[in-house]
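The structures come next, written out as structure tokens.
Look at the two complexes coming up: chain A is in both, with chain B in one and chain C in the other.
This part shows the complex of A and B:
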């Protein structure tokens, strides 16, 4: 309960600081929209020259992209730990975090949230509605709940991979360059995994499971039954990886020695 | 002239000191090239060619487009914005050199560094992983080199423009970010301009962006015929000349109404 109350207090505080510089926020949302639009236009342009990509139609690929945007937006809003090493370890800020009465990772999530990223949830939903209506998808009464569940699963997948990498900072000093690399690998999840070769497919499913952010869960709503097993695995993978990453984080924190000053 | 060449040298050495940062850059670019490699192969599927380009040409196009980006890309626009925000630009203005030319030279130093430590080794590594067609004609390589110089200049000029606009917008990080995304699409980095619908290509002909990535990459993959190459490179030259004008005008206006924020 304390955590929930704290979360809303931090969120309110965040909104206040952001609304003071409204133009900055609008420009930021605008440039996010722009990059989403570019990816969208890319798909449209490609399908001007082909009707199918490895058995997926234009609107299916668009739907997958739309789905991908939602967990990615939630991840982006709460897990800004890509600069964890520089910001918290090198500068010794972790000392301060550890004096706080809540879990250290949660404290960092609170401090580093960027709620304007959540705008991507709207864009993603809009893209899914656009593609879904063209595909004449039918939704059962439980599908909205499935959506929430699968989106949460995808978000946890993203979050846990980045938390895992951030945890490496407790032991070693140089994983800064791995973070941007992960963002790029994450983009592989935007497209159906069957376009990749079997090694990459294996990695995207079991090692860096970015496929569970896009194509696998989206396949459920697209009625692609051959992928259902993977679709239903999404929350499981999300949870397993998240627990693993929290475990690694907790072990890492005990190894933290401070930067010295 | 000596001081400008010195500036290229200093920036080159500065980058050299931090070269380890660039090894991961090669990996990141390779990851991106890989993503597009698989995507394009899936798009081609059974088709032997789309818009006159074979699948092999397309892979080569993607690889060279990214590795050329490593050369022409720089953050000079951000640096200018930073210097304007911090008020450092006031000191820069009284120094005995042309500020914009100096920035261009710094960008060039960075470009030469990235070319030798990023683009070339990166291209070798990528060629080991993915099938890439290298031209056997020296003339192709020569024209590619020439057009790459102009693609650097056009990109630089656009960077200068967005950088100077900080004088008017105070905080234009968003504009800089948006510009980068737009250039990735309209320059032909993500896909060749010939894949755009006809009307879009028409519009693009009146914009400088395709001179940045599309032209050198098409020359490299031999997607252009000889007259097309000459035409495209001439167009690049024309754009470099045209872009000088708005830069000079905005620069003059900006200097007149300079507001140093703190400093």
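This part shows the complex of A and C:
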């Protein structure tokens, strides 16, 4: 409960800081919306020429893409930890974090939130509505709840992979290029996994489970029953990986060496 | 009185890998790495009682920061026991840090972009300080540190002295019984230093706050602390009253002579101190020699008499040995004559 209250305090402060730079904010929101629109058009163009890939129609692929954007946007808003090594380990900001009575990872989430990213949720939803209407998808009364559950699962998957990688910094503070690489690999989750060979598919399902951010949960809404098992596994995988990543993080904190003054 | 800090055989080792030289060495490093285990803090033990103000001193790399970071729960000790305020700082970190305040002079606790009072407000939520208590305590802190006019300014617009005062207020926001200050006066002007010292004294008197202070500015220590703990190469080399440091090592006087004659050297001067157990050291300018002798009337006048009779001098000064000199001597010569 305390963490929820604290979250809103930080979010309010974040908005307030944004509002003090009024022109900045207007420009930023404008450019954010614009880039989301460009994204949308880009997706349509890229998939415009495809008809069927490995049994998926063009509109289904667009729907998967749209779904992916939603957990990805939420991840982007709260888990800005791609520069964790640089900012917190090398510069020693972790010292400050560790002298406050809140879980260290939660503090970093609070400090680094970037609520603008949430515009991606709108784009994703728009893409899904566009593709869904062309596919004549029907929704049951419980589907919105499923949507929330699967989006949360996907977000947790994404977040935990990045938390795991950030935790490595506690053991080795030499700069690594794993973070940008992971962003690239993450993009594979946007496309149906059965277009890849079986090894990549295995990796994307069980090792770096990015497939649970896009194709698997989206398959549920597309009514692709052959993928339902995976779709329902999404929240489970999300939770398991998240607990694992928190565990690794907590172990990592005990290995923190601090930066010299 | 209750012990606030209890440290026993505390040790922290860092493993660092030593890279071999050259390209060939770099290749070999890829496969077999050579690690060197360096103890940054080497089995230290000490206790601090509630309400004490202790100066924690040592050269750069002596292990001050590392041991403070273990006391504040930032680093995990390699071995040994730490109990601070009855808790294990690292194991019970989140509970523990509620009972301490920390100021790292080179690192800001405040949010850079937002007004000071907004930072305070967030910290108040972080530490869960009730409104009434916050008002009662912080009004007093804000007044004593004279930061009321700064509260609505963003931190990035403050000068260093202004920022430091706000940092101190932020660290005391939850009124902790124990305060860690790492270089709190670094780079500050005299007036701000005085204000901060005065404030710390006041907090100590009013709330019986325990303070552990590291600083390079020994005048801070002289003004605030009765006790010093001195570290060198990860070990405690002195732990005791500041006064006895002076009386054990600082009993002497220094007599500084500037000679007119350039030929003077140590060999020529040494016999003049013959039976007084004194030492000559070279001064920082040319032809300046300092006689370190006991602080006794007879010795001082006898030495001056002999030197002046034997050589021509252009200047003469008599100093008391400063704490800084004492500490330098201890580092250079070790705690041998103590």
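In this text, the second predicted complex is superposed on the first by the 230 of 261 C-alpha atoms of A that agree within 3 Å, B and C clash if a C-alpha of one lies under 4 Å from a C-alpha of the other, contacts with A are read in each partner's own complex, and residues count from 1 in each chain.
Criterion: contacts are C-beta pairs under 8 Å (C-beta built on N, C-alpha and C of every residue); 3 or more make two chains touch, one makes a residue touch a chain.
Not measured: the values here are computed from a predicted model.
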Chain B versus chain C as contact partner of A:255, first or second or both or neither: second
First (chain B), second (chain C), both or neither touched by A:98: second
Chain B versus chain C as contact partner of A:148, first or second or both or neither: neither
Contacts of A:191 with chain B and chain C, given as first, second, both or neither: first
Contacts of A:244 with chain B and chain C, given as first, second, both or neither: neither
Partner chain(s) touched by A:129 [first = chain B, second = chain C, both, neither]: neither
Contacts of A:24 with chain B and chain C, given as first, second, both or neither: first
Residues of chain A at both interfaces, chain B in one complex, chain C in the other: none
Touch list for chain C against partner chain A, complex: 14, 65-66, 69, 72-76, 90, 93-95, 97-98, 100, 102, 104, 106-109, 111, 113-114, 118, 121-122, 125-128, 182-183
Residue ranges of chain A touching chain B (in the complex, touch as defined): 23-24, 27-28, 30-31, 34-35, 38, 41-42, 45-46, 48-50, 52-54, 177-178, 180-181, 184-185, 187-188, 191, 195-197, 200
In the complex, chain B residues that touch chain A: 21, 24, 27-28, 31-32, 34-35, 38-39, 41-45, 47, 50-51, 171, 173-175, 177-178, 181-182, 184-185, 190-191, 195-197
Residues of chain A that touch chain C when the two form their complex: 2, 5-6, 9-10, 13, 16-17, 92-96, 98-103, 254-258, 260-261
